[in-house]
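First the structure, in the form of structure tokens, and then the observations on it.
First chain written, first letter: the chains are A, B, C and D, and each begins at residue 1.
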Amino acid sequence: MIDKTVPSLEAAVQGLDDGMVVMVGGFGDSGTPHELLNAVLERGCRDLTIISNNAGDGDRGIAALILHHRVRKVICSFPTTAHNHAVREAVERGEVELELRPQGTLAECIRAGGAGLGGVLTPTGLDTELAEGKPVYELDGRRYVVERPLRADFALVRGWRADRWGNVVYRYAQQNFNPLMAMAGRCTVVQVDHVHEVGEIDPMHVHTPGIFVDRVVRVEREVRR
Amino acid sequence: MSATRGWTEAEIARRVLADLWEGAYVNLGIGMPLLLNELLTPEMGIILHSENGILGMGPAPPPDRRDDDIVDAGKAHVTLIPGASVFHSADSFAMLRGGHLDVALLGAYQVSMRGDLANWKRPGQRIAGVGGAADISVGARRVWVMMRHLTRDGEPRLVRECTFPLTARGVVRRVYTDMAVVDVTPEGLRLAELAPGYTVADVVAATDAPLAVPESVGG
Amino acid sequence: MIDKTVPSLEAAVQGLDDGMVVMVGGFGDSGTPHELLNAVLERGCRDLTIISNNAGDGDRGIAALILHHRVRKVICSFPTTAHNHAVREAVERGEVELELRPQGTLAECIRAGGAGLGGVLTPTGLDTELAEGKPVYELDGRRYVVERPLRADFALVRGWRADRWGNVVYRYAQQNFNPLMAMAGRCTVVQVDHVHEVGEIDPMHVHTPGIFVDRVVRVEREVRR
Amino acid sequence: MSATRGWTEAEIARRVLADLWEGAYVNLGIGMPLLLNELLTPEMGIILHSENGILGMGPAPPPDRRDDDIVDAGKAHVTLIPGASVFHSADSFAMLRGGHLDVALLGAYQVSMRGDLANWKRPGQRIAGVGGAADISVGARRVWVMMRHLTRDGEPRLVRECTFPLTARGVVRRVYTDMAVVDVTPEGLRLAELAPGYTVADVVAATDAPLAVPESVGG
């Protein structure tokens, strides 16, 4: 019987090693796989490249990984918040390389990676510093920035419900980057609040089909709202 | 500037609201634009888009009804109104980049007379976030900016040529400030309305680019 | 009060005029807006460009439009079936121009049109007749066919349930090209079996958010299964 | 060819099935590959993808349970198994093009010794449909072909160079025919298995490209 659930957070990040590229879902705290990030921290891997919309907050999540010197590079759209000095300071002292992509471009590049497309042709950032060093392609008299697809060795995803085949449902705006990263991870790990038996989720309600998911781990959380 | 002259931020937001219409799909940028969310009522029929993946965003909930999975682009807790939908970031930006939003309201450091927008980074700043601003400003049907007319140091923000790094070129259509409403036209800036207590001369002096003044406003 | 429902099929295709580009959802009979197509036929417009996965069957749907000499060009992935002689004969006598795009490319080009992207970089069709005459772009040592985005004046979509704001839910594999075409139509018209009041559809179950939809028309149908 | 030699289409399908494994995600092309759908049982744990937007496709329903919204790539009525999901065509082809399918089973007119696939159009045919074949064959992790070894006119379909228009270059890994199972390796074609009643010499004669014969098969 196909069963993608794993018994622990430790098992969920098994094989996530030094030098790997790791996608991390979430927008601020919404849909962020905090417990998986903690498991990565405990695992102790270094030289990670993190792809995520943000770069953590305070000393939590990706910020914790940066503060513990586990991160070599961050690809994101909005690294800094009022409370996040971790990434700023690490970049300023040359420890972390920062690559900025506009949020919609970042989302589309991750989707392109997961969908086997060669890149993204976007008007976003054209003739601005945001497209510096990037190729420009002209088609039928219009110019587009060529953005490279993104893939990852691991995608860390936060969902709400999943079945044992890895079909995932997200709760409200928890989706954000999660369904896209699920497509782009060579190993996609989803932390969820609830695990269901196969057949319990309506086929029409599935946001991420199980084909994109390698591991499911349930994390006990207090009920919100 | 005296507090008795011009519009407060809340008044600017109300002034913007007067230009919106029933059925309009509107994206609110971080900062001043998010004030709109608290002014809207269901009867107005204005549908707010939040780029993290919400269409039909409602105002902040009471503290005991906060839900971490329902936040706005500034990561503050909001609500969903009846008729709302949720989706992932690629679909969300497909709406923006694909020209499906009627209006994007953005904050800005500077806007040029050609509609160039600078709102993501200060000159010389090494680390800045761009978020969704660049996609939103190239994609929305109308880009409107809400900002103070002058910097804290008294420098104009409406300029001939932006000195701040650009977010997008030639995209801004209208600018709402504490002093005036200014349109960006193919011919340059044009005064659309004066805030109470300000004269045309005040606004011209506070604007670092030619400002056309139609007779109806100049009176 | 926002209400995108229209009272009749005739009203649903109002403004669909000669020479327009029209997307038609569906895969075979599944998710095909047959009643909207009939309304287009009755409206009498000519010189249409049809974008659809198939080109109708027998004398129904797009085949009917072709048989009535309403179609100038068809862009599709699979024009012919055992029972569809309409498109074959019209192409052979030079009445209809046929542009073939592989199915995944067609889907992605429609999505690109709706998403404001400048084109699609795909490995599909490379160095075959399927990419003849199309630009090839090389990025980081890999070559991709550049496929042009597709948009339409009208997108004719078939859904299952919609509310008055145009939020649409599709039934099972009825989705196929429908949600993509909904994004790419300047005027998107959805025929559904059921119309709901605003708020009756769970935000997490919406497949096509109302922002993509201009008109909703209810078509009475017998209940299946 | 006598009916007592070689594999029937159903036997070819069963031979393919023996190479699949629990948890495999498999796409079935139109034609012979669709035979697999009727052979699978839930216990096998093989998950079928249908490019119109189904993961977890099940066998044909009884006539009174047909549902027009649940069809396969050949537009025939099928079912959904427990654990199924549905999605739109762009997501469906993201699965294919993005390398998420373990196996794609396709029919073919010709396969070359380098794994070139010709399965969408006959030479000189003016109007043909390609459907999903081109995306599937460039995207799936393993492309396996099911076809008769010879054409009706007795011409080999396994060839040095395809004379039919190509669907994709260098993609086929394994070919199942009525006469044999043949692997496409970096060194060319290699016989993997003989169908009952055929000899190595039969298969070599019916193949228009060099065919390596490992000792284990050649016996």
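Annotations for the structure displayed:
As a working rule, a contact is a pair of C-beta atoms (placed from the backbone, for glycine too) under 8 Å apart; a residue touches a chain by one contact, two chains touch by 3 or more.
Since the structure is predicted, the reported quantities are computational estimates derived from the model, not experimental observations.
For the pairs A-B and A-D, the larger set of C-beta contacts lies at A-B.
Distance between chain centres (mean CA atoms), subunit C to subunit D: 29 Å.
Between the Cα centres of subunit A and subunit D there is a gap of 35 Å. Measuring from the averaged C-alpha position of subunit A to that of subunit C gives a distance of 32 Å. Residue positions of subunit C with contacts to 2 or more other chains are 108, 111, 115-117, 122-123, 170-172, 203-204, 207. Residue positions of subunit B touching 2 or more other chains: 80, 86-87, 90, 93, 96-97, 138-139. All chain pairs in contact, by the document's touch criterion: A-B, A-C, A-D, B-C, C-D.
Of all residues in subunit D, only 22-23, 25, 45, 47, 49, 55-56, 80, 82-87, 90-91, 93-101, 138-139 touch subunit A in the complex they form. Subunit C meets subunit D in the complex at residues 27-31, 53, 76-81, 87-88, 91-92, 98, 100, 102-108, 110-111, 122-130, 160, 170-180, 207, 224-225.
On subunit A, the positions that touch subunit C within their shared complex are 108, 112, 115-123, 135, 137, 139-140, 142, 144, 146, 148, 169-172, 203-205, 207. Residues 50-54, 65-71, 75, 80, 86-90, 92-93, 96-97, 121, 126-136, 138-139, 165-169 of subunit D are the ones that touch subunit C when the two sit in their complex.
Residues 1-2, 111, 113-117, 163-165, 167, 183, 198-199, 203-204, 206, 209-212 of subunit C touch subunit B in their complex.
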